[in-house]
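Have a look at the structure that comes next, please.
Should a chain be cited, it is by its letter among A, B, C and D, assigned in written order, with residues numbered from 1 in that chain.
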Amino acid sequence: MPDNPLQNIILLLSCPDRAGLVFRISNFIYERGGNILDLDEHVDPVEKIFFVRVLWNEKLSTLLSELEDAFRPLGEEFCASWKIRLTGLTTRIAIFVSRYDHCLLEILWRNSIGEFAVDIALIISNHNDLAPLAAQYGIPYHVFPLSGDTKEAVEQQEVALLERNAIDTVVLARYMQILSSRFVERYQGRIINIHHSFLPAFVGSSPYRQAYERGVKIIGATSHYVTEELDQGPIIAQDIIRVTHKDSLDDLVRKGRDLERLVLAKAIRLHAEHRILVNGKKTVVFD
Amino acid sequence: MPDNPLQNIILLLSCPDRAGLVFRISNFIYERGGNILDLDEHVDPVEKIFFVRVLWNEKLSTLLSELEDAFRPLGEEFCASWKIRLTGLTTRIAIFVSRYDHCLLEILWRNSIGEFAVDIALIISNHNDLAPLAAQYGIPYHVFPLSGDTKEAVEQQEVALLERNAIDTVVLARYMQILSSRFVERYQGRIINIHHSFLPAFVGSSPYRQAYERGVKIIGATSHYVTEELDQGPIIAQDIIRVTHKDSLDDLVRKGRDLERLVLAKAIRLHAEHRILVNGKKTVVFD
Amino acid sequence: MPDNPLQNIILLLSCPDRAGLVFRISNFIYERGGNILDLDEHVDPVEKIFFVRVLWNEKLSTLLSELEDAFRPLGEEFCASWKIRLTGLTTRIAIFVSRYDHCLLEILWRNSIGEFAVDIALIISNHNDLAPLAAQYGIPYHVFPLSGDTKEAVEQQEVALLERNAIDTVVLARYMQILSSRFVERYQGRIINIHHSFLPAFVGSSPYRQAYERGVKIIGATSHYVTEELDQGPIIAQDIIRVTHKDSLDDLVRKGRDLERLVLAKAIRLHAEHRILVNGKKTVVFD
Amino acid sequence: MPDNPLQNIILLLSCPDRAGLVFRISNFIYERGGNILDLDEHVDPVEKIFFVRVLWNEKLSTLLSELEDAFRPLGEEFCASWKIRLTGLTTRIAIFVSRYDHCLLEILWRNSIGEFAVDIALIISNHNDLAPLAAQYGIPYHVFPLSGDTKEAVEQQEVALLERNAIDTVVLARYMQILSSRFVERYQGRIINIHHSFLPAFVGSSPYRQAYERGVKIIGATSHYVTEELDQGPIIAQDIIRVTHKDSLDDLVRKGRDLERLVLAKAIRLHAEHRILVNGKKTVVFD
């Protein structure tokens, strides 16, 4: 129907549970002439909180702001936290890296073949090492060398750069620096990290060394939203791989690399497709 | 609220996809004063079929037949295939076994600790071997020795026994006989089998031997609904375990036993909780 | 060859690494007329320790003590820690349980179908609950009710019972009491525990609750040798299963049960087949 | 010891089983002053064939041909199939590709960070698409457009190119053409393919479509040596990933891509480290 193109719309909403929520939301969509393509809901049985993700399509004639205005009364009635997204508008992300290339390559390649609904606006690093890789994929690469006394100043420059580029989400692709509370606060729920262990095991630095010394038979990787407390943010995705006494520390690092890049990629995809709702210290993931 | 107890109700429905289905169904529930506890839906993007499972609660005052009468107009309008179940009413099952005890023990034990919403009414076997195990769990055990010329007659007796006991679902727990088309037809979509391979690999007999001889590095087990074509029914659940050149055929059998009982148990749980809808040769599993 | 039956012999040995170890050991076997059926070796590249497990057969004519005398000079020359076992002599074990039946049932059933090379001599519990299950499998069941002021006295009675029954290995099958240092010392490297988490995550009590509250996407189970430090002993086996936001705390417990019994069973099998060597805080597992 | 550098040597051997094989081989090494770093052996209990991989080091003073001459009498005595490799000499490989980039990128990247002990001499394709990727990693890229009537001639040119470049092993990285029997014969046991299914399920073309239509709950990938019979060669490595009714055919392709590249990479690593022995239609993999 060339004269009646459709647009896909996503609603993410959480609110105190009560009767009639699905009915009221589906009614809202039905009255607009929309057709629900996908609906996932969950009720936290302990906290009595309702979570829903609805994907529907309707005629391409509405601005996002009009949609938001239309839904606002319902949101207020439900005392809900909610957001509406048009699926055509991709999430603008910035990637922070240090020296390891595997996570960055994974993200750039997946994006290049169309796996992600993201727009990689820029890469920030404290090292030059990965500039050639960024260049291969045509992504601007900004180096901010770090030294103790200028850390705060550097971060301010970084934030300014992110602001100028209208960055929505920051991805830490094995970025080896700790962000300030101020930075974390500003991008709350929008900073995705990959930690190279099966959290909460092996918090902090050198998790592969910790795992090697503990003699575990399985290692893991964890992608999570960054909060002020180190490695304590809501977990988005985890995966594991088996190891044996034959595996050296280098083998753990090698095997772990494969986990890290797959788990981080999964988290980015879920985030970009608006499939994640934060529930306190945890996540609801509608995969 | 002792004077106003609630009951949980499940609707399983599939129909041609169209706009407004979730709205109409949630409206039906809302108008009855019900509260949706869980809703899963899926649209087959190729066949354009809508599948939904809704769990809601409402005041305990209605008979199942009244609920069905109330919903029937909607079901007819949608040209839907549907069923309604009260979660308090457990599924009555019969288990068919031959000589292996691992799947039977698994089912009896899980049921004894309350994992399954099933009522194991009886066990049927072509051998005496597992009678003591049945006795330990207090389940009637019926032996029907099989010989070629009486196979049809034996099956008729078995069906009569199932009918007398109002059996809803038949579980083949490593039952080594092939059921007749007539039997399969009668219990269509209600016979659950466990096949000791990762279907469609190694159809038919001796799948572990086939796997050993092929030299696979992973073996599996598959639970599926039985249809007339051997090992071709809709798959409910599958799982795998790794093997190496060190594993003998006996090791494959040993490792496979663990898969078989876990996969079969999972399929029974999903079936008993009304989480499975058949979609042609495939299943939609709302886990 | 009825007049020349063979016996299988296992040597487990660890010593400082040096050239010629495999040659010398295989020479020892060759000169006895033995034939190596299986040989696994490992060198810890950091600590420079050599580990080996050799399975060979030779004519059934030698007592274990004669074999040990024959090997002793080599063991002393290598400054080795070693033991020799005849595969026909099964390990005598005692199982400690509290109220959960799943691990006990798993062990008793596997033993009944010949999966384990163990002799389950007795079961000890602080509760009566599992006496009927023990009776089904014909294993003596001893109840030692625990109260704070008699804990030490009770443990002394338990040790006396173990000694009288020549128990080699103690299996804690979800035994909810902490053993004294004295007990742990006496059965060093011969107490196998199952911990219901992916250690080192969620040490201590209520690991499923901890996992639920942390919002992990994967849960695990860990079997390890018991040492004085709680949940810090050398890990033998681990496994995991995926969970989602849909899983309640009860679901975690249910899913975890399957892990616990499989992981504990695996650890018992490995131990009974003399496939484990302890390497400081870690294990070498020749599976 | 700068004046006494060491070299690592690998022996891969298979022969009819008999007593004393480990002793004789370790004696051979001991008498040369070598130190065994790693020894894996396996006896096929059905076919009574002995397989061994030994890694040892000794003083760097011997040519490979001298080593081979020294070992030949033992090899002949054992009626063995064997080869000796110096670990410093990397395997020269050629990669065949069509249009998909994921497997090629994976191999090139892993090689660039030193994961593989291979020398990627050249890439052959029937399309131009991946020439830029090859250029990024500095690998010569040769295009041989295929058309039915010239297939044989094209293959002859390809073989000539492989010969000129002293290629040892051919990797088919989602190469969509079938090689001739003549080609397969020439590189027997040295052509590694990745098949995008869990073989033997879904042999032939469009395995993801077959999997989608069959409604499996798990998909897989298989790396194997190529033999004349399509998709029937000895399996080197397999892995799987779970899918649900929510996954479209495109989702299966996306998830499968991750399997394909990891499984193929694993197979290449195992092959390049001389960890694989072919046992009829199967493999012995000393990982």
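Keep this in mind: a contact is a pair of C-beta atoms (placed from the backbone, for glycine too) under 8 Å apart; a residue touches a chain by one contact, two chains touch by 3 or more.
Keep in mind it's a predicted model, so treat the numbers as computed, not measured.
Each step here moves to a touching chain, and the least such steps from chain A to chain C number 1. Set against the C-alpha centre of chain D, every other chain centre is closer than that of B. Over half of the residue numbers at the interface between copies chain A and chain B are found on both sides, making the touching surfaces mostly the same.
The interface with the greater number of C-beta contacts, when B-C is set against B-D, is B-D. Chain geometry summary: the mean Cα position of chain B and that of chain C are 37 Å apart. We define each chain's centre as the mean of its Cα atoms; on that basis chain B and chain D are separated by 42 Å.
Residue positions of chain A touching 2 or more other chains, listed in rising order: 246. By the touch rule above, chain D contacts chain B in their complex via residues 42, 44-45, 198-202, 213-218, 220, 234-240, 244-246, 248, 279, 281-285. Residues 18-23, 26-27, 29-30, 33-41, 43 of chain C touch chain D in their complex. Taken in their complex, chain B has these residues touching chain C: 101-102, 105, 109, 113, 115, 136, 246, 254, 258, 262, 287.
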